[in-house]
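As written, the chain order gives the labels A, B and C, with residue 1 at the start of each chain.
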């Protein structure tokens, strides 16, 4: 608990509690707003060439919220990885852990305090981001129910949870923050590659969460695929944290 | 351009503004940065949105 | 009775042995200094005792403690280069350390306050970020965080070597006071520091204890006494006479002084003084010089 409170205080002092939510909000609303204004934007840069007519697609609300998610999946994930790359690795590199770990501190608590505090930051940011996106969508594109928003937040949050858990895992393994970020991103990229190649076999692979979320919005029902994938993602995250605690303990 | 509803765009600008201000305050109060402070001032102010994020991720010294 | 027993402690890294079969005992209230050149394995031993490293073989046992209880509760540790959470204030860091050491919050606050007083960090500095502290202040704060939970054993890695003379004085004084309350184990490569506050020395070379004992025991053991004699004149002639005495093993002249070493220093002294008084030698000074600890240190560590 002491360790957890310290993490919250630290993330407040280093302004993570301000900039991470703001950045996530920005990323979430960027695409909905630009697609709404796409005609005007094209106009203002000189319009379309003579004779061609622009068939403006009418975006359905689910498609727009998926735009938000795809922004978060690329830039958002990048930001989260960079933001979390030093949480343990940095402390070990600098040497503060020497003072912390000689106190009767359970390694388990040290790792989980980091994990939970990061998750709190990530989930709250995600909720705020999607909430603003939802507000714009209702204003500009049409109805998306609040329950749907909560469902999206929940299932997509699991994906980000996996990202954070991966980052924690590499943090416990390696002392160099930059390398932690690199390996986390690399792993995510390899996972999406595996997903593309073995898509037919790995139906419940975590990377499929987004597409199942879209299905859910289109069909208005929770598919077993979605729930199973969510479970797989959760189990993987927890396994990663357990593995982190273990690797952290056996050092030296 | 009358179709442009500034009320919709305003939040984006406000968020960018807050990011710049928070980054600047942090930069002024901190004792050490990676790289010269004046460079970060330029980055924060002139690189839109990305500037403050870059500062928070890379500029603050990890200790 | 020993309250800490270290038995055959060995720490191996991939290709080298940092600590080799080190055993020693710690009596309650003792202050032991680990002395040795850089790379002798001092830090490795201290870090192992503090629980930061696992020994490859060997055991560390506290009296009255069952095998698997967390010994970190009884230990305070200060690394050679302590690193803090620099975004915290000195006060915050001490309270945080106290809470990590399982003190209740109110108790941690009280201890922090009294320790800040004790280590002499000014009222204003207590609420300043640690990044603004000077080297001496950080070192003292480091000691304070190590003793916040009143450990039975305080482990300090080179506590004074990075400090200026004033800072050194302050920290040594603080250690002198702490000796009354707890056992202290510290490492140093400076003999005078060890000489000043420790009850017992462990001399380390290449991961092994090559010599140990109290300062006095070691002095006696390594005493290769020399007699230094000065003469008004004719030093060569007298040197020859002295050299002929059976007890004298060597002599040499440096400027006006004759340096004599002997197999039996008492007998040699008697013979020389007899001869001097019988033959009326023009002595100006007669001196028995005990080997300095420094010489002993070099002798043990270098050969």
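The rule is simple: a residue touches a chain if its C-beta (ideal position, glycine included) is under 8 Å from a C-beta of that chain, and two chains touch if they have at least 3 such contacts.
Chain identities (UniProt): B = Transcriptional regulator; C = ATP-binding cassette domain-containing protein.
Since this is a predicted model, take the numbers as computed values, not measurements.
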For subunit A and subunit B (Transcriptional regulator), chains touching each: C
Pair exhibiting more inter-chain C-beta contacts, A-C or B-C: A-C
Centre-of-Cα separation between subunit B (Transcriptional regulator) and subunit A, whole angstrom: 22
Between subunit B (Transcriptional regulator) and subunit C, centroid-to-centroid distance (C-alpha), Å: 52
Subunit A, residues touching no fewer than two other chains: 14, 94, 96
Touching two or more other chains - residues of subunit C: 83, 85, 87
Contacts with two or more other chains, residues of subunit B (Transcriptional regulator) listed in rising order: 63
Residues on subunit C engaged by subunit A in the complex (per definition of touch): 50-54, 70, 72-73, 75-77, 79, 81-85, 87, 96-97, 99-102, 142, 145, 149
List of subunit C residues in touch with subunit B (Transcriptional regulator) within their complex: 83, 85-87, 129, 131-132
Contact footprint of subunit A on subunit B (Transcriptional regulator) as seen in their complex: 1, 3-4, 8-9, 11-12, 15-16, 18-19, 22-23, 26, 49, 52-53, 56-58, 60, 62-63
Contacting residues of subunit B (Transcriptional regulator) [partner subunit C, same complex]: 31-32, 63
For the subunit A and subunit C complex, residues of the former touching the latter: 2-3, 6, 10, 13-14, 94-96, 98-105, 252
